[in-house]
Amino acid sequence: MSLLEIENVTRRFGGLVAVDGVSTRVETGELVGLIGPNGAGKTTLFNLISGFTPLSAGAVRFKGEPIQGLKPHRIAARGMSRTFQNLRVFPNMSVFDNVSVGAVGAMGQSAFAAVFGRRSRADAISARTWEALERVGLGGVAEDLAANLSYGKRKYLEIARALAMKPELLILDEPAAGLNDSETADLARFIRSLNGEGLSIMLVEHDMNLVMGICSRVVVLASGRKIADAEPAVVRADPAVLEAYLGVDE
Amino acid sequence: MIDPYYLQQLAIGLSQGVIYALMAIGFTLIFGVLNVVNFAHGEVYTVGAFAGLLLITAFAPPFLVVLFAVLAFGAALGFGLERIAFKPFRRFSDEASLKSRAMRESTLMSSLAVSIVVREGLEIGFGSQMQPLPFDYLINKPIELGPVTIVTGDVIIFAVAAVMLGGLQYLLKRTRIGLSIRAVSANPLGAKYVGIDTDRTIITTFALGSMMGAGAGILVGLYYGAIFPAMGFVPGIKAFVAMVMGGLSSIPGAVICALLLGLSEGLATTFISSNWADMVAYGFLIVTLIFFPQGLFGAGRERV
Amino acid sequence: MSLLDIRGLTVAMGLQEILHGVDLTVPERGIVAVLGSNGVGKTTLMRAISGIYSPKAGSILFRGENIARLKSHEIVARGLLQAPEGRQIFASMTVLENLAIGGGRHGLAELDRVLALFPVLGQRRGQMAGSLSGGEQQMLCIARALMARPSILLLDEPSLGLAPKVVKSIFDLLAQIRSEGLSILIVEQNAKAALRIADRAAVMEGGRIVIEGPSADLAGDPRIVEAYLGGHVH
Amino acid sequence: AETVKLGYQLPLTGNTAQYGQDFKTAAEIALARFNASGRIPAKVEIVFEDSRSDAKEGVTIARKFVDDEKIVGVLGDFTSGVSMAAAQVYKEAGMPQLSQTASHPDYTKISEWQFRNITTQAGEGPYNADWMVAKGYKKVAVIAEQTDWGQSVTKYFADEIAAKGGKVVLTEYFNRGLPDFRSLLTKIQREKPDAIYTGFFYEDAANFLKQMKQLGIAIPVFSTSAAHNQKVIELAGADAEGLSLTTNFLPNSPKPEVKAFVAEWVKIRGAEPGQFPAQAFDAVNIMLEAVVKTYPKSTRAAIRDALAATKDFPGVTGSTTFGADREPVKQLSKVRIVGGVFTPVAD
Amino acid sequence: MVPLLVLLVVFALVPYGLAKFGKGYFFQVAQLVLIYALLAVSLHLVTGAAGLLHLGHAAFYGVGAYVAALLGTEMKLGFVWGLPAAGLAAAALAFVVALPTMRLVSIYFAVATLAIGQMIHTVLLNWVAVTKGPNGVMLFSGINLFGWPVKSPVAVYFLVAGLVALSIWVLHRLSHSYYGNALRSLREDDQCADAMGVDTVRLKIEVFTVSAFFAGIAGALWAYTTGYVSPGDFGFNTSILVLAMIVVGGLGSLPGAIIGAALLILLPEVLRGIGDLRNVMVGIVMFVSILFLPKGLLGEVSALSLVRRGFGLKWGSAPSEREVGWR
């Protein structure tokens, strides 16, 4: 059984078929890249998987159970967490509080427990939040408002927030956008080390060094269709991919 | 053949709706550009009515002169209102991430404060009672249309609302200034990057919206023959409701919903009782929002 | 004569000073790249030039006129256009309306030329800009700036979120429009691509420009590349 | 000499400020006359506090008055709601409270400290009902504002008219300040009543009458003393013609006390007073009379007893006697708007 | 400890000071401040923390007041039963109306709450058979605590102060905890919060209901301390007044809500001296305060760090040794 199975997933917006019968899967422990030209339907596919956009047709199974039609938070609770293509941090909250939301989302916190609950529960949330913060190296700015962080740090903040959920599958939408080469290289190392700890990851990225460097498998979408699904080396040489996406001299 | 009784009630409901619509047009315009609830709009309406009253008692000019003078006065009011209650808070919209939140909260309150000061000021100046108007200015001469009786004001207000709506639609959809207004309303920071003078656009919008508000005030004042400091409160709320029900950004949507609101109140009085009319109108709103969470004519939420 | 001449530009947000006396020159028909890692103040510089932030000190001379105190719309009217960070498109309006607004007083005169550069936008012209994909929005943002027939174009990370093929074509495009007489000031994380097309480059750090020179020199100096540009250009 | 202090809580700002301002003027006229008369060797002072017709302010003011040991009696408030909320404080503290207008049926039942000098609908309703039946109007539509007062308007009226063999064909309430009565009017017209009995204040009255004319409805309208105000005529003009109502204040009455009061009022306000200012004027005078009777031992309890003993007090609204229930017994008269004037009628 | 000392001052020293004046007036005003502080803090939870503009809060205040008053007069149920019943009734009603409407966002939510508030008000005013309509309800019984009548102003004040303190403590625990963080995330970006596993709709319903519960308690306190309730006190104007309190105090800041309530109740009283102009002055003060302190008298950021220092968490094992979490 694969961790995530996507079967014939289709999404139409009016006349436009943004995602057109895509099937693929993510095995436990895999690091899968999803690439394709702009408007290929990558983000839409992520939205379909994470429950933000309803499917027009097809099925998505996570850990063997169908998840289509579930609300995003239910899917998240099952162990899938994501970041967004355009940064979406909670700007008027501190870095620590931002990350704690991920922990709260995963661990749950009832109103009753918040008032009368034991401290151990809050402490567990704090511990998890700190763990995620330290993992991405934002421990030092925990008290700053997220709005005052630089772009790069916000990227890590988003990842930390997703990590605080202790997900089994992490979905990253263009994590390296806006980072320079060395920052991208750091991020690549970081993602790989997360993967090395057993976390399954699926990511969309336009930075080919990153994708080809760390992914174990690459799925290519173009105009909503899957045009390739193979190891990086194979994809890189695929004429269809070169034509549609990479440009010939890359 | 429908019972003329129901026709009459329908006509009355509609005329009530047209009054709400008149108010809703300006309100929606202003809301659209700043995404801010302008609590002072009801006061613009009231002040417009009082300005007309003063003009009439002092100079007794012809009706059209009164109307245009009040419109001009309303534009000036809008200008002043924007300067006092909105402009000072615009400095926060620059800080990209904290964008409009701080602005929304503070202008919510500053416009409320201005509205309190204006209303209380009017009460001190004029007293809170209704001010009588010279009878020959009133636009309430009956007109019989078969079994249905309406008054001159119904026709005038309908015509004015239609002109405002048409003019505004033309302005927003076909002219550069209209495009600028919509651009500022969609993304004020983005508007700066394409060279729109956001300050001037916002002021223009306020002037336009307030002009319509003040015009509505004097028209309705002459329609009912009663002008008093609290007169803007109920139409203000109803305009707000109509705007949201219509989907915020759509002025025709707000007008249609204003008509529906007026009708629903009229019908509530017909079939139930006048004192339950609000219940029906608001119930109608809630039901609409349950089925159309973005209003009847609103765009969907932005994609994630 | 240089088209844009920035001298001693200092910008503060509240009490915190972000730019400390930046000097930078963009020659007529030149392409200047500003590089530097996250949070060094590149966007702040770009915003100050466009009049979004008003500088605390210093001057910005555009064709000899100091525009440091002008409002953003006055600056745009002089032909200085920016495709800003975060795109700042009008999400609730259609693609075509976005372009029409971008055109300013030129209206849709440039439409055909711009749509030829970004054919996708032509296909999506009636779609709400907010529902475009990330990359499509980025194209729209650049296209919108081009609609106003700028004489200098400011680009803040134009390649953000674009597919490699599109990035390549955009940089080709920049070289081409420069040859038509446009000057360009570009902030880029993709140092390799930026240095390839730029005549001169500046590296920022901590709100200052620390190195400035012909881009070939910068790209050729491995120490600079190591220290500031993060990695390996060649 | 020392001063005797009275408190007056009333709306001087807010939506109902016009009433409060009228009361204040009336009270000042009464007080100035009293202090000039030298009937007691001390000055009386009235402390006015603005309640905005807001219960929470009303209660606060009540506490304030109670705290001031010099204050021996309180006048007001305007609406029953605020008067009754404040009354709870006066009841606890033992402070006599005399409201010029509170008409809630339960107001005087709160405690022995509450008085009012306005006739309740228990008197006015049947009086009107009898009048209308006598004129042959048996099918009657009743509308009233949705307030405690409006409730009592319909109740007492309906009871009597039923007893006299008449019939209420439609009863409906509306919210005070309703701008558009036309739906309601059309509905009334459909019932084809002989007459309409209305419980509204003058502003609603003016709107109602104007819109009735617009719709071409010609049904006789009867009303209560609350509509008795010159403003109806100012606001509705000729459309107000024919409105019949009951009142206990006739500004053109030949009685000297009325003449004096009206003259004074006109000097200040430039127009004739209506029922409410007269009501306030009498209330203040009744209270002052109690001060006179008890002086120099004007304690709160003494004032209360003196108030309770008020008998045949000759006021501008007729003579007032408090019954054991601290309700006034007063005469009513009939007036109709004829030629733009409230004219006493006999029918 | 510091906050506890502050509380001690508020709840013990203030009445001591007032008692020195020996004035029921001061107790009355202080009591009003407390009741409105509770109202404001309960609204803070919905509007400040969770960012949902609520324009009908006064209606739930009214439901609480009516339930307390009606139970007292019709069922002879006194304070001990009436108070919780008032809260529960308001909460139950809020829950029912929240179910279909909590999907709404931003201004749509605001106008829905406006409508709910107006509808409840209309019912209070017009459902004469049950609510006595405009006649209002008189509650003679006063406060009786398990057979102990509470009569003197000081005793009533202490009772109200204690109950308000307890309620605010609960609201404080909700607002200043990880639950509160989830609420704030809802305000910042509800879709993103959803992706973090936060059940936004449930959270909204919960917070709306809890807030109504405490508004109901505030209403009951008003009913018991005043002895008479009528629909006029629970209209739109009161909702706006409470909203103004939390905005002036600092939207998102719980202490700010209390400060705002104190300011807007005290100001008109303090200004009594200037006569008819006092309400104009209130408007001007509001305007000036928001002009110079657009984030409120005690804005969210400073309020949170203040509260954190008092009630937050010392995280010893973290390298930074800073206090950022919640207990």
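Each chain carries a letter (A, B, C, D and E) given by its place in the written order, and its residues are counted from 1.
Operating definition for what follows: contacts are C-beta pairs under 8 Å (C-beta built on N, C-alpha and C of every residue); 3 or more make two chains touch, one makes a residue touch a chain.
All values reported here derive from a predicted model rather than from experimental measurement.
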Fill in: Path length in steps (a step moves to a chain that is touched) from chain A to chain D
2
Discussion item. Going by the touch criterion stated earlier, list every chain that contacts chain A and also contacts chain B.
Written reply: C, E
Worksheet item: What is the graph distance from chain A to chain C, where chains are linked when they touch?
Response: 1
Item to complete: Name the chain whose C-alpha centroid is farthest from the C-alpha centroid of chain C.
Response: D
Worksheet entry | Farthest-lying chain, centroid of Cα atoms versus that of chain B | A
Worksheet item: Which two chains have the most contacts between them?
Response: A-E
Worksheet item: How many angstrom between the C-alpha centroids of chain C and chain B?
Response: 42
Item to complete: Could you tell me the distance, in whole angstrom, between the mean C-alpha positions of chain B and chain D?
Response: 37
Item to complete: Could you put a whole-Å number on the gap between the CA centroids of chain B and chain E?
Response: 32
Discussion item. If I count partner chains per residue in chain B, which residues reach a count of at least 2?
Written reply: 95, 120, 124, 275, 278, 303-304
Item to complete: Please list all residues of chain A that touch 2 or more other chains.
Response: 52, 84, 91-92
Worksheet, complete the sentence: Two or more other chains are touched by the chain E residues 125-126, 191, 276, 279
Worksheet, complete the sentence: The answer for chain D against chain B in the complex is residues 13-18, 21, 146, 172-175, 177-180, 182-184, 186-187, 190, 203, 206-207, 210-211, 213-216, 231, 234-238
Worksheet item: For chain C, which residues count as touching chain B in their complex?
Response: 13, 50-53, 71-73, 75-77, 81-82, 84, 86-93, 97, 100-102, 104, 128, 130-131, 144-145, 148
Fill in: Partner chain E, residues of chain A touching it in the complex
50, 52, 71-74, 76-77, 81-82, 84, 88, 90-94, 96-98, 100-106, 109-111, 113-116, 119, 122-123, 125-126, 129-130, 134, 139-140, 142-143, 145, 161-162, 165
Worksheet item: chain E touches which residues of chain B in the complex?
Response: 37, 85, 88-89, 92, 102, 105-106, 108-110, 112-117, 120-121, 124, 237, 240-241, 244-245, 248, 275-276, 278-279, 282-283, 285-286, 289-290, 293-295, 301, 304
Worksheet item: Across the complex, what residues on chain E touch chain D?
Response: 22-25, 27-29, 32, 125-126, 128, 133-136, 138, 222, 226-228, 230, 232-233, 268-269, 272, 275-276, 278-279
